[in-house]
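Take a look at the structures listed below.
Next, two complexes with chain A in common: one pairs it with chain B, the other with chain C.
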Partner chain A sequence: MLAYIIRRILWSIPVLLLLTLTVFLMMRSLPGGPFDFVGDKSLPKSVVENLERRHHLDWPLAWQFSSYVLGDGITGGICTGLSFLPGCELVQAGARIGVSEGLIFGDLGMALKLRGRTVNELVAESLPISFQLGMVSMAIALIIGVPLGIMSALRQNSWVDYSSSFIAVLGLSIPNMVLGPLLIWIFPLTLGLFAIAGWGARPPFFLGFIPNIFDWEFWKHAILPAITLGTAFSATIARLTRASLLQIIREDYIRTARAKGLREQIVVVRHALKNSLIPVITVLGPLIVAVVTGTFVVEQIFGIPGMGKHFVTSIGNRDYTVITSVTLIYSVLLVTGNLMVDIVYGWLDPRIRYS
Partner chain B sequence: MAPLLDVNNLTTHFYTQDGVVKAVNGISYSVDEGETVGIVGESGSGKSVGVMSLVRLIPTPPGKIVDGQVMFNGQDLLTLSKNEIRAIRGNKVAMIFQDPMTSLNPVLTIGRQISEAVELHLGMDKKQARNRTIELLELVGIPSAADRIDNYPHQFSGGMRQRVMIAMGLSCNPQLLIADEPTTALDVTIQAQIVDLVKRLREEIGMAIIWITHDLGLVAGLAQKMIVMYGGNIVEQAPVVDLYKNPRHPYTLGLLASLPRLDEDRPKKLLSIEGLPPDLVNYPQGCPFYARCNYRIDKCADTPPQLKEVGVKHKVACHVDVQTAKWTTEHPYEEFNLM
Partner chain C sequence: MAATGTTSKAIAIPQRKERTPLGDAIEQLLKNRLAVASGLFIVLLILMASFANFFNAYAIQGFETTPHDPYAIQVLRDNNARPGSTSSSTKLEGFVYWLGADNLGRDLWTRTLYGARVSMAVAIVAATVSLIIGLVYGLVAGYFGGRIDDAMMRVVDFMYGLPILIVVILMQVFFKAWDRQEDTGVIFGFLLDMNQAMGGVLFVFIAMGALNWLGMARIARGQTLSIKQKEFVEAARSIGVSTPRIIFRQILPNVLGPCIVFETLQIPGYILTEAFLSFIGLGVDAPTPSWGIMINEAYQGLRSHPHALIPPAIALTVTVLAFNFLGDGLRDAFDPRLRE
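For the complex of A and B:
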């Protein structure tokens, strides 16, 4: 098992590197650059050139990528050793400025637009918040979705089933842009419950990202955005749980369990539930993707200082380092999420053994 | 002495979108203590539904036991409360099923699956139940049972899984074991091993057995009494020797003719019964076997034959005496479809 996990992690490294390269190149192929301004805000040409030099944007792309991944130290070193390589004069001149120690040493580089700030700082501030929102949303999706699915499967075609399908369809079809403002209007504005905007949890966080869950401030701010984000997923999970349980309940081994004289509750809980959650767990991987990407909109609506904002604005700003690093972090989250799903999967289903 | 199990006019239907499926249509038979009864018939003839109805394991809806009585130890199982019938299932009446690949829960260890029945019915604690489970696994011939108790079903071969199923069935010393085609999914050599195992266990435990199969050859050495089912009805019922030596229903004749025989110099061509079983939704008005019967006469088309005694404990539901009658048609099913 441990060997499997290590191998999966090692395998993901080239994938992540390729992805980083793709984003790196795609962003730079977009017209315009980080220091192009329009109208009266535009900078004098010499200032732009200085800024670009400051961030190595005058270097050939390959060297820029090398600086991002390996750092200025190693890149400069290569160019000192192999000075005949094209572009090396620029590199040798610029490497001394030292904008990045390199991804491999955990340095995500300097933000281009937020003057004087490192991407590491931005991420350290905003990632825990996005992560907390994502986790609470997933928890809500599971806590609502799984029991709803079970109830409708066990009372198939009853009013419980019909009303939960109704809720599920409703949850799936209301977009976050509608549900979020609607919740704000109902709860904080009309009923005076919960917070309108912002985030309640303050650092330091346990292990860097876990907030104090006994703090009402946290929940006051988290509950509405998490419901907004979680509802649609709870609907997906409910439908999946229902379908899966309905199929499992027809399996031969369920008949065997009943033939043993077990009570129906035990048959369901002990013999059907674990099996029926296997397909549900399988979709949690892609669902994590959806939760992560879904946070952009919800963070905007609720004014949450999460990472979604950086992701969106950095594209418009052509903030190359921020967008590349944020994408990379999302990808690492996804890889980790999928790996965790696989581990849970193996734990639920003994037929699956990773080796 | 009253029989252990006395089934009377048991009738089970399924209420589906396509109509009422008349799966079991008033079957009556009895099983004595320690007796082994074989039930044969082609697939879809209501064998499984018939036995599952005994302990009310029919999925409801769509299934419903619409009529009948199932007297077991003097109690009508069909009128018991849910709790009462559960106390009998897996305890006094145990079942083993056809496909050992799908009949065991893949995510629970076999030890857990056997001991849960023991804990429930024999009131044992976890430790006692575990010891009992190991004993049972040894009893059914699982090598190094103590090590394998914590294995999952997929770690066993088909034959071994069926042994596990048998251990589970016998875990509470049942008075009646219902085996629904327990060997159909297994290799021929393994089939023989399972039959031998059940024979041995029957001697040790002394339970009665209902053994369902569509293989007449297999039950011959096991059963004392045979029941032949067709279209949800019992068409013939006889002591085992009688049935093989002296079959009285055209369908039984057909089943026997389709069996390879070792006692003939040259094996004759294997026959299979032409045609399809009756439509259980639009059930035939007369004899259900009419469409496929070589011996049919006009009466058979509209009058369903009743089961009647033709010998000692030998009953048959047929208007014709096949011992004296001649074939009335060579290709009944083709002609039937032209009618």
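For the complex of A and C:
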């Protein structure tokens, strides 16, 4: 098992590195740069040149990438040792004014557009917010989805089943960008409930990301975006719970449990439900991914200062370091989420063996 | 399910009424009223979208749109007109805004209808492209097996590790930025011209088609692996049928069913992705109407003019709903094993 986990982690490193390289090259091959405009005004050429030199944008691309991944120290060191390499004179001239310790040391570099800020700072501010939104959505999805699935499975082919199946498909079909504005229109605009935009939780967070959940201010801002994001997932979870519970309830050991005279409640909860939730866990992996990427729209609609917002604005700003770093973080989350689900799955269902 | 198609050529079975798996599946599908209604709705929507030139409000009410903006007549004075109100412009004397007008005074019925064009085109093209790429990829990997299979599936696994939506967004950013460039090569210039003529839809197709075949490839490979063990494939090989012929005439018809069902279930995702891209301004180019753009515009003015949100929001939701019902119906009818 440990060997499997280590192999998976090692395998994901080249994937992430290649993705980083691709994004890095794609962004830099775009016309236009981060220093073209400040507001509506364009900057004088000499200022742009100075800024580009400050951020090493005058270096050849390979060296820029090396600076991003390995850091200025190592890149400068390589150039001192192997000074015949092309572009080394520029690197040697600029390596002193460092912009990054290097990705391998956990430094994501400096933001280009938001001057004087590091990407690490931006991520430290916005990631907990996206994370909180994702967690509340996930909780809502489970709280609605699992009971809905159980109810329709226990009353299979009754009106309860049909109507909850219908609700599930409806929840699956209503897009975030429809549900979000709809909820805003109903609750804050018409009924005056909850907040229209923004985020209520303020740092410092417990353990870096857990907000004070007894604070109404947090829920006032979190509840609508979380419902928007969680509805589709609750539908997926409901369908899966239903299907899996229906399969389990026909198993022999359920009949045995009934035959030995256990109460129906105990049969359902202890014997059937426990096992039927295992397949539900497998979709949590893809769901985590969907939650993470789904926050884009929801953050946009509800004006939440999370990572998705940084991603969308930095694209327009050509803020190379922010785009590359945020993409990388999303991918790391995705890889970690999938790995964690596989581990939990193997732990819950001993029949599954990884080799 | 299509196994009969492969035997009927070799042995001439006299035509008589018999129950084929395909016939059973169709019968099963027709019993599902929700799926049939959804299918009819989608056909109707595709027809209305294709002939939007005749079904838009201007054409029906006898007005002509200008070549400058083929999708609508802008009457700035009628901005945010209420549903059912009459145009105040002399140019559009007596024109009724059935569903109201948007913030630039464009008829919402017309724009929603043209928006259906984009959504349907994306649904059809993205599904077809991903079906073809994924099917061929999966068939080849599954049929040859061994090292070829390993290598090909490694590539798929590798790409599966990417956050697909983010990659699609980045590709769109890339295309959009190139679009504004003056000096482009011959091939890219041709693509850019095509894209402009299509109102920015082409690049959405390319971005979405590039990655969405991965799931398809996995399904097709899995099916191929099981089909190629069957006796009729063995028989075909033993009488010396060529490999491409075995793949496309013996295996493909048997693999196709589950693959089409899988692809239908993917279509809502394609429609939503396009709407999402347009929503954040990375989809089709203005003034081409897309439901995503319309929702974004309506959302900006939600406080004062909530009615502008209703047509695109309902259109998008109902269309996705219909594809979901149809996909579920197809799955239940053609391949009950796929049912989760």
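Simple rule for what comes next: the second predicted complex is superposed on the first by the 337 of 355 C-alpha atoms of A that agree within 3 Å, B and C clash if a C-alpha of one lies under 4 Å from a C-alpha of the other, contacts with A are read in each partner's own complex, and residues count from 1 in each chain.
Simple rule for what comes next: a contact is a pair of C-beta atoms (placed from the backbone, for glycine too) under 8 Å apart; a residue touches a chain by one contact, two chains touch by 3 or more.
Model, not experiment: these values are computed from the prediction.
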item: Superposed partners chain B and chain C on chain A - clash or fit; value: fit
item: First (chain B), second (chain C), both or neither touched by A:6; value: neither
item: Partner chain(s) touched by A:259 [first = chain B, second = chain C, both, neither]; value: first
item: Which superposed partner A:312 touches (first chain B, second chain C, both, neither); value: second
item: Contacts of A:213 with chain B and chain C, given as first, second, both or neither; value: neither
item: Touched partner set for A:139, first chain B, second chain C, both or neither; value: neither
item: Winner by number of chain A residues touched, once chain B and chain C are compared; value: C
item: Which of chain B and chain C A:32 touches, first, second, both or neither; value: second
item: Shortest CA-CA distance in Å separating chain B from chain C in the superposed model; value: 12
item: Footprint of chain B on chain A - complex, ascending; value: 250-253, 255-263, 270-271, 274-275, 348-351
item: Residues on chain C engaged by chain A in the complex (per definition of touch); value: 158, 161-163, 165-166, 169-171, 173-174, 177-178, 180-181, 268, 272, 275-276, 279-280, 292, 295-296, 298-299, 302-303, 306, 309, 313, 316-317, 320-321, 324-325, 328, 339-340
item: Partner chain C, residues of chain A touching it in the complex; value: 12, 15-16, 19, 23, 26-27, 29-32, 169-170, 172-175, 177-178, 180-182, 184-185, 189, 239-240, 243-244, 289, 292-293, 296-297, 300-301, 311-312, 315, 323, 327, 330-331, 334-335
item: Residues on chain B engaged by chain A in the complex (per definition of touch); value: 55, 57, 59, 86-91, 94-95, 97, 99, 102-108, 113, 116-117, 120-121, 152, 154, 165, 168
